């Protein structure tokens, strides 16, 4: 087993990975940028190495610096987390070349599955259901038009190199196609440096269902059941749960088998996620494989009892899985809410800034994977995830109640968060009934505003705070903390 | 189902009970004494009722006041937690008389099982193995001497009304018997107002193994597997775990059946715990039934996925269990460490006082049932439990690692705690090998002192704190916080 | 004494009467509240609120901001502002609403500036792109005009209120 | 500059050299440490410690007490005292060790007082029982003598250092 691992990431996921490493007796090396000098992942690591300026390109995305940090610190393996370089075949390849272990699939697999048209071809060849659509990227409008006709409107334009909704467009009629393709290609070029687009059938009100898979280097592959991630805003997941209220045992078995087939067909090793769309008729279609640890992996851990990060590390060290599909069982129900630094009353606009107060929820069945603390300045440069609140309970209703209570105990002052929004989503009838489709937020929560029926209480608290006399430090004193140097306080010295 | 429940307790257990109530949509009424005006259970309740002075007799032990609080607030049921009135048949009886539901067994059952000699009689009649000993309490020395001869030395003197080690004495030879009986009787009289004592066989190096049971009012009884609680100091449990490293599947089945038999024989309803001693030969003996929620119930919740407080409330409301013994399965391993306010370097002396800083551990598989917060003044009047740190992991070794990491993240400043002691116990060879007997601490950790190999680091931190300039509020300013009245700050007003 | 406050576009006029200890009477319009409070920490006030119909515990968490206090109760966050201060703010022009100015809606980093000084721009034309937490926002010209000043460079950190590009309006 | 500190009955003599920024060199006896530090909060200092052999992150949490600072590192709690202050404490007689005086070992509540003024007591005889967190402790006469003063009543809260019962020693 490894003695030291470098975690090439930041925030809650770096902490999550480090926790398992430390439990395994593996030392952890953190890396950080200027903006993260006081970040929690730096404080909690056994060792921390400075990478460079705050821009991701100068720090967390700089492969050379990360390889050098691993070598300098004597780390034997690199865990990439999610985001940043986690699905970058280049980092995996460099590790292979430099004699470091990349905790993830081989570079070739990342590359193949990273190109959606190649991925579709692999799946088509191994009997995994794929949505009707084009086999390869295309730029000639006439061919795109013919393909759209063959597939049947509405069609979805997607970027071949894409992700996160960039370069995606829904086209309902042939008239709109030309403009939409042009816009999508230019957006894809800007986002991924690659303007390749393709078309596929657009499903109305699908659910996003994904299967966690684990594959070791000895040919053993299992899936760890499904996650439903249909509640999304701006193509980003907000609430995930497992089991899905829409997946029956038979469907689970079929989709699980497809996920394992997909992993086998692509030569997969390590943890990954096979994403499907599930339509109203119970038909499912392969979307893509995420070749990394997912943000929402904790809900799977909660119901299966399997530590996915531990399995990733064991697999990367060449160990066999040690269990089979029949050993994997789900117990109860788990839900995750992503706590972003954002303003749900204002189009989910980012809200970076200093956390002035933090009260984390706690109690039975509650896990808060958190990357912030009171006093931390949430940087403007990175992903807005502050933490992930995960609950487990015996069934879905209990899990919803537990999550609502946990959210109402969650206090983050200094920046905006979607806590009140999430409470309303969980309390809503369509959510409680499991009517969770990918258009859920657009359909039910467009233009959401927080209820104000308890505004009276805020008024009372304001006045009491005036009367009792706030002793909170004033903002303009902030700079002193943590910036004090010996020279400022030399009067205390005894020479 | 109830709409409102009064929780007749304080600290972490009151919070624990309230969490489940709130998840069930049941309003919670807290009660409090002078010392607990700012206690967390008061802050988190939906409503809080003042009972009286800090002495338990004037507040948490005053049955009249608690009944009145329940009636005034419109609560339909009372949850007694553990300690205080939880095993007081008088409170249960008053509830029965006043039309309130006592969330626990019927008063008659509490009374029978509370008298250890009556309890032994019940068990003997239903085939539950009991340790050889006397059937009833006795005060005539000659009879005691004869009984001791029959049982065989060493014998253990126990108080009939006892608990918590009070009135207990081990006697190795007949010479010591007379004095020991006198002392034990007088200690029992002082502690319980009842000097009745009896003798039983003293087991060398036993393990403390207990079974959680649930019995509904329809005659359904199940057990929720065992807990091992052998790590004790001053007859109080310090570390508990499940499953026990000493219990085989066959033994588990046998002991579990005895626990259910014990419950059935005593007419048990609600949650309870049947305690056994397990000797080196794998023989087990009934000790007593605790007719309440145990401190260590969370470890059972962690491995079975069953919320014991929810079941208590459902049973008290007359609902049937809804599951059978075969539905109860354990997954993984759970450990609890009790975090007392005490000084392990000084005979585990109590350490009340103000918490000046608190960092709670968090992460996957970690649950901290905590009754304190930074700024809270831990009262001198009550039980020293500050919190219970519980971890779950896939197996015992992983659970130990997780617990050690969690403990080393736990920072409580202002009072003394056994965190460093617990880390050393978990790291010790006998603990890791599962050689956990009730004399564990006396054998391996007598006169324990914290290692000082990292004292250098404390010296560095001290000097940096001097140089960087501590900006911590001085102790003599403390009184101002929370004591400000409008008159002190009248200058802020606009009239 | 009296307070005039604003929360969520609604104005509150509050009469407060101080009793002995930590016990207050409030009149919010025609609603009467009796409140006992405990200051738990600088950021946390616990209140026992009775309004004649029901009574209950309320935990309020507070932070100061330039425009008022942010108060979190039961998971919801309220911006509470004092009317008098609000008036001052408007007078002093601090943080006014600036629909006509090119300023980022949140703290951000400048990604690109597709115009240079002297460029003629049309209303709605992109003049600067900023990014916050991986979300890009394009700021556009509010009217036809000429770029006269650019106050930021690529990779600069910028904040709301800061004018990034100045445009002289066509007459 | 130099510090003389005491931790766990051990004395440390420390030479400190301040470099630019938050970078310090320490000599503890013959051991050399190079430390970069960050003040995370009033109670929390993060240190990057190198001692030539190994380097690593250390999180230290600090609280002030009357006799020194309590410092928690890796789950262990250290009481660190300054030598000069220690000397003062002994001189001023603050919190001296009082084996001959009847004073509680921890903050406690008085449970019972089985003696009255004028009682003659034997060495080891119980004179007052206190309770803290459900644990009772009996304080006994340190020598044969006569009870001359009782400074506490049942249910009183008492603290270490407070003399609860005064006994005049037999000549």
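The first chain written gets the first letter, and so on, giving A, B, C and D; residue counts start at 1 in each chain.
Here, a contact is a pair of C-beta atoms (placed from the backbone, for glycine too) under 8 Å apart; a residue touches a chain by one contact, two chains touch by 3 or more.
Since the model is a prediction, treat every value here as computed from it, not as a measurement.
Traced through touching neighbours, the fewest hops from subunit A to subunit C number 1. More C-beta pairs in contact connect the chains of B-D than those of the other pair, out of B-C and B-D.
Rounded to whole angstrom, the centroid-to-centroid distance between subunit C and subunit D, based on C-alpha atoms, equals 49 Å.
Centroids of subunit B and subunit D (each the mean of its C-alpha atoms) stand 30 Å apart. Subunit A and subunit B, compared by their mean Cα positions, are separated by 40 Å. In subunit D, the residues that touch at least two other chains are 3, 18, 24, 39, 42.
Among all residues of subunit B, those that touch two or more other chains are 466-468, 471, 481, 484, 486, 493. Per the contact rule defined earlier, chains pair up in contact as A-B, A-C, A-D, B-C, B-D.
Here subunit B touches subunit A in the complex through residues 15-16, 19-20, 22-25, 298, 301, 305-307, 331-332, 360, 362-370, 393-394, 398, 401-402, 405, 466-469, 471, 480-481, 484, 486, 488-489, 492-493, going by the rule given at the top.
Residues 37-38, 42-48, 374-375, 481-482, 484-486, 493-495 of subunit A touch subunit D in their complex. Those residues of subunit B that touch subunit D in the complex are listed here as 55, 234, 340-342, 346, 349-353, 356-357, 359, 380-384, 407-411, 413-414, 416-417, 419-420, 423, 450-452, 454-468, 470-475. Only residues 1-3, 18, 21-22, 24, 38-42, 46, 48, 55-57, 59 of subunit D touch subunit A when the two sit together in their complex. Residues of subunit D touching subunit B in their complex: 3, 5, 7-8, 10, 12, 14, 16, 18, 24, 26, 28, 31, 33, 35, 37, 39, 42-45, 47, 49, 58, 60-64, 66, 69-78, 80, 105-109, 132-135, 155, 157.
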